[in-house]
Amino acid sequence: MRPSGRALDQMRDITIDVGVTRHAEGSCMIRCGDTHVLCTASLEERVPPFLRNTGQGWVTAEYGMLPRATTTRMRREAQAGKQSGRTQEIQRLIGRSLRAGIDRNALGERQITVDCDVIQADGGTRCAAITGGWVALRLALDKLMKAGDIVTDPMVDHVAAVSCGIYAGQAVLDLDYPEDSEAGTDGNFVMTGDGRMIELQASAEGATFSRDQFAELMALADKGIADLVAAQKAAIA
Amino acid sequence: MRPSGRALDQMRDITIDVGVTRHAEGSCMIRCGDTHVLCTASLEERVPPFLRNTGQGWVTAEYGMLPRATTTRMRREAQAGKQSGRTQEIQRLIGRSLRAGIDRNALGERQITVDCDVIQADGGTRCAAITGGWVALRLALDKLMKAGDIVTDPMVDHVAAVSCGIYAGQAVLDLDYPEDSEAGTDGNFVMTGDGRMIELQASAEGATFSRDQFAELMALADKGIADLVAAQKAAIA
Amino acid sequence: MRPSGRALDQMRDITIDVGVTRHAEGSCMIRCGDTHVLCTASLEERVPPFLRNTGQGWVTAEYGMLPRATTTRMRREAQAGKQSGRTQEIQRLIGRSLRAGIDRNALGERQITVDCDVIQADGGTRCAAITGGWVALRLALDKLMKAGDIVTDPMVDHVAAVSCGIYAGQAVLDLDYPEDSEAGTDGNFVMTGDGRMIELQASAEGATFSRDQFAELMALADKGIADLVAAQKAAIA
Amino acid sequence: MRPSGRALDQMRDITIDVGVTRHAEGSCMIRCGDTHVLCTASLEERVPPFLRNTGQGWVTAEYGMLPRATTTRMRREAQAGKQSGRTQEIQRLIGRSLRAGIDRNALGERQITVDCDVIQADGGTRCAAITGGWVALRLALDKLMKAGDIVTDPMVDHVAAVSCGIYAGQAVLDLDYPEDSEAGTDGNFVMTGDGRMIELQASAEGATFSRDQFAELMALADKGIADLVAAQKAAIA
Amino acid sequence: MRPSGRALDQMRDITIDVGVTRHAEGSCMIRCGDTHVLCTASLEERVPPFLRNTGQGWVTAEYGMLPRATTTRMRREAQAGKQSGRTQEIQRLIGRSLRAGIDRNALGERQITVDCDVIQADGGTRCAAITGGWVALRLALDKLMKAGDIVTDPMVDHVAAVSCGIYAGQAVLDLDYPEDSEAGTDGNFVMTGDGRMIELQASAEGATFSRDQFAELMALADKGIADLVAAQKAAIA
Amino acid sequence: MRPSGRALDQMRDITIDVGVTRHAEGSCMIRCGDTHVLCTASLEERVPPFLRNTGQGWVTAEYGMLPRATTTRMRREAQAGKQSGRTQEIQRLIGRSLRAGIDRNALGERQITVDCDVIQADGGTRCAAITGGWVALRLALDKLMKAGDIVTDPMVDHVAAVSCGIYAGQAVLDLDYPEDSEAGTDGNFVMTGDGRMIELQASAEGATFSRDQFAELMALADKGIADLVAAQKAAIA
């Protein structure tokens, strides 16, 4: 039995509100249960040095967490003077995932930075950030296309992410914090709208896992991704 | 004529939503027009070293701005590796202001950290942070009193803050960003609910200002503070 | 009764020795009682990026304190790896104050950096830094004009600063450290030679203050500024 | 055809020399083709704060690369003033992987730090670090057991890691740098000696990957891990 | 011919004013020609961790330079966020040199920090810092002995330092900045009052040097140290 | 009697293996007894800003130590976030020493960075780094000359370094760690192949030293340098 009473293959409620901030080219607030992430996409007409004069664009991401997004207040990274290894690992994952859904030639020499700031955390923040970040990115691209700055849509497909894990010996979908902190194995699955894989990460915490268990997690992820892509479609409709 | 069409002594619309985050002991989202600040109060049962074994508590504040809270994306301070001078100046002001409304003996040896994170900026963020920060602090104290951890209410009075300035030669109340960036003089006024002063800051930007102009700013501030205190009262009712 | 035996409206002795260091374009040692600040003005024929090709110049300031300027040795900021929030707040104030006395078009595209280093501290170091910093700046401008590099004097008026506060319930002028550390309210007043205001900062420490008390502080500040401007005039004569 | 001429499922030559440094409790130099990593295990009779008085031990890892381990010299992280996101991600992976092979209760309250320093890099450094790090850890545990400080062997099983990827459209085992820099998908597989999974990471670079492709990578990894575990066994024999 | 017109073995004028700052336990301003260094000795009744409960004391030193001590303004180290390699090298030298003159058992478990801040630089700042630092240390020890906190004088002998170098092919004593920046070899000699050696550093800049040249530098150093020790004696008389 | 049983003027065994890393333009592993340092020379076709358009090249050095090169594991500098004062002092010494053997005009506008990384430490690491660094530099220059990029050999002479000290009251050559940690005086001597001096550093640790003692150290150094230069010649033959 899951602490939340959810079925093993049941996602938390997903809501994605778009246009929540006035300045960003694209923005949304994604809520996966009690995990709330504000995603903004910011456009700049310049690219990193290694892409200058290549005709290609870049999509990058940054991740942060408000100090009291968590049960216990955490130290503000700006005051600690550096981003933690965990933060850097997550924002590199978000950036790689979103780039996998983009044709960088079609984007042209411009950069879009997707900021994912966790307002409230209850597990699965990196997955919510990828799923919401895609929506913010989609909206920013819509704006560019509407303005005629881009002719061909650089967006190849949806990109969404979900976590699955082995909790109390059973494979469960979309771990919340009480599950995540107890899970024996924890995985993040990033996929496209048509079910191809972008990134897989599965990690044993304490106990190792078998091929069969991994296959169960993968099957759950397929179901979760479908729900998330549906929520993305509804949000941008 | 003000860019927003407001009267010279007219505040922007103020809304304060309380209980907006699940983990913090007190929280609110304050919106002063397009300036939106999330304020959370976090309780810890320990005090800074200089207060140990004094029986006194401490209230401190931290301030941050999401990278795309502003018109143009700003670099994330956690990535820059330090808080800017401006950030530090603002969070020191918020902390001093809130402490002025507290009886630290009645609080007892515990610390409350008020985090003020700007979600969207349109001028006056430090004033909104103080006004909203007071609400978050009030709610955290209510929780402590309800639990019986504190007997005497440590809150002495309301604390609120408003900016006034000389814009296009005239004293105006509650500057928004277009006014703030053009103002010849810019002031922040922090007061108690009964109109006593906690902190005054007035700064000439380019042109100096006279005693009469300062008196006009002060009169406007009185009006603004009254509106803000009324909004605080409504929020915590 | 003040610890030093001074009258309520009595400044400490002020001496300003000019030309105290060989390399700087302008320099002075200002002594306000036991507070001693070495001020140097350094000229560079370049401006910050945001002023390039505008024809305007820039004046900026930096502030430091020798580790044993204070009663107890303080950690060297260069070793701590960062300037404290207090240091940054003070040097931003000095820079803003000095810029208010300058016509930046007349200065032309060059930058003057005013370094204010506290050799010995006994309260009021930021005010002494502004008052002495103005003298160093004046001397550097004299040198530029004498060399024919500038035709119109960019200096619009004197700039001086003094602290006032409520000590033991009474408004007093020019707080020394024993007063400053006990004062209920502490204010810094930066004015021009003709008595117009550049910057006001008044801060309650523990107790709030009333309008009447603020008016008393302002009146004391007028007297103090007059004395400081007279000392500046004597120094550069 | 692979640049090195290897078969699709062919590992590079593996050599593991043990006892290569005099001070460490355990050490080895692992060479996977032209990738050379020096691994040392350092024992401390203390644990991180969160484990004090729990009776449990800790295994952690750090990763570094000499500046000229790579084709082009890279900036020394000690001079840059921080470890890159990549470095932190890798050393967190190594630590998690090695801990999965350890019974931390049997280890007792002591910490072993495994340092993995890349002397020469040609792709697959994180996998070599895990495989060699296990050997260094094994040797340090042998020393502890021989001295009678530990009674029950805390080592549960071998831990080894290998990379696989889609290169030029085909699944290949043990990518070297020329392959790694061109691979469409790149994965790291960390397993135990008996073939259970500790960590899976697979990442699309540019192109997404299918379930079938992933299954191919997994099969290759099984073969590679078997070779690596055999090399570990030979090294510690 | 030396730029200053001095004889080859002629020191610059030396003045040492003691008691120049009010708070430090010992202080002096040493002037060697146009090189001016403020030295303060600060006493703390605690020692670094490695000396706790050993009965031994510690003497350490820190070195800084005001930004405009030099011909061209240098960036403030507190703003750069770190002390340069040069600064660290110099302050380590000062600390080692002063410790060589102290019996740390006689000092007892207390630490004296000698801060050497260069107010104006014209070559030889590290040597002036050692020579002046010794005077500040002597005065702080006098204070401790007068108060009866120390019974046996921990000061074993004078410590002084002078630079010598090969300038325009000739060995010269006490290099000033114009000489220092052109010298082919540059050496610093730290000695006791009775002529024993504490530290020798000689460095070829461009050209190597011979044994005979080094012997000439040593002879000059003997003469310079004698002058400096005489100045120290006069200062503390 | 020395702990190692060596004669007073006996060096440890010296081996220098060249070409030990695949990517660097020049490389060697130098072993002086149990002190092992990997030295690589990296060529870049650019110079520091102060040398642009001067036709002159630059040689610089960096120094590092693997965390477990020492008896007790030391904190990794990349994680501490800065290089220690000791590290900076050493790498500045290596750079100055190697530059003294180079004609920078003959080198032309290119930079060679010599990285010296201590794999295992047993005293005298900076001296081994200089001696081995010279070999790596020599090999890189050979490569440049063979390729015809440089016509005149920029190498003027051999550069080697050795430590000597007063151990148990006697002058000894080439201190190992047990001697170094007990030595009353410790010196480093950097010389050319023909016996001219580049850098001398002698430092009293606790006890001062006399002229005669220094002369003994110098004589030992002559012997040691001869052995080291012979080893360099054998290595590059």
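Going in written order, the chains are labelled A, B, C, D, E and F, and every chain counts its residues from 1.
Quick note on the criterion: contacts are C-beta pairs under 8 Å (C-beta built on N, C-alpha and C of every residue); 3 or more make two chains touch, one makes a residue touch a chain.
These numbers come from a predicted model, not from an experiment.
Fewest steps needed to get from subunit C to subunit D, stepping only to touching chains, is 3. Listed by label, the chains that touch subunit A and also subunit E number zero. A rotation of 120 degrees, rounded to the nearest 5, superposes the Cα atoms of subunit D on subunit E. Chain centres computed from CA atoms place C at the largest separation from subunit D. Taking the CA centroid of subunit E as reference, the farthest chain centroid is that of A. With each centre defined as the average position of its C-alpha atoms, the distance from subunit A to subunit C rounds to 51 Å. We define each chain's centre as the mean of its Cα atoms; on that basis subunit A and subunit D are separated by 28 Å. Rounded to whole angstrom, the centroid-to-centroid distance between subunit B and subunit F, based on C-alpha atoms, equals 59 Å. For subunit F, residues touching at least two other chains, in rising order: 81-83. Contact ring, oriented from subunit B toward subunit C: the chain order is B, C, E, F, D, A. Within the complex formed with subunit B, the residues of subunit A that make contact are 21-24, 27, 34, 38, 40, 42, 44, 62, 64, 66-71, 73, 76-83, 87, 113, 115, 117, 119-120, 122. For subunit C in complex with subunit B, the touching residues are 82-83, 85-86, 88-89, 91-92, 96, 100, 187, 192, 196-206, 208-211, 214, 218.
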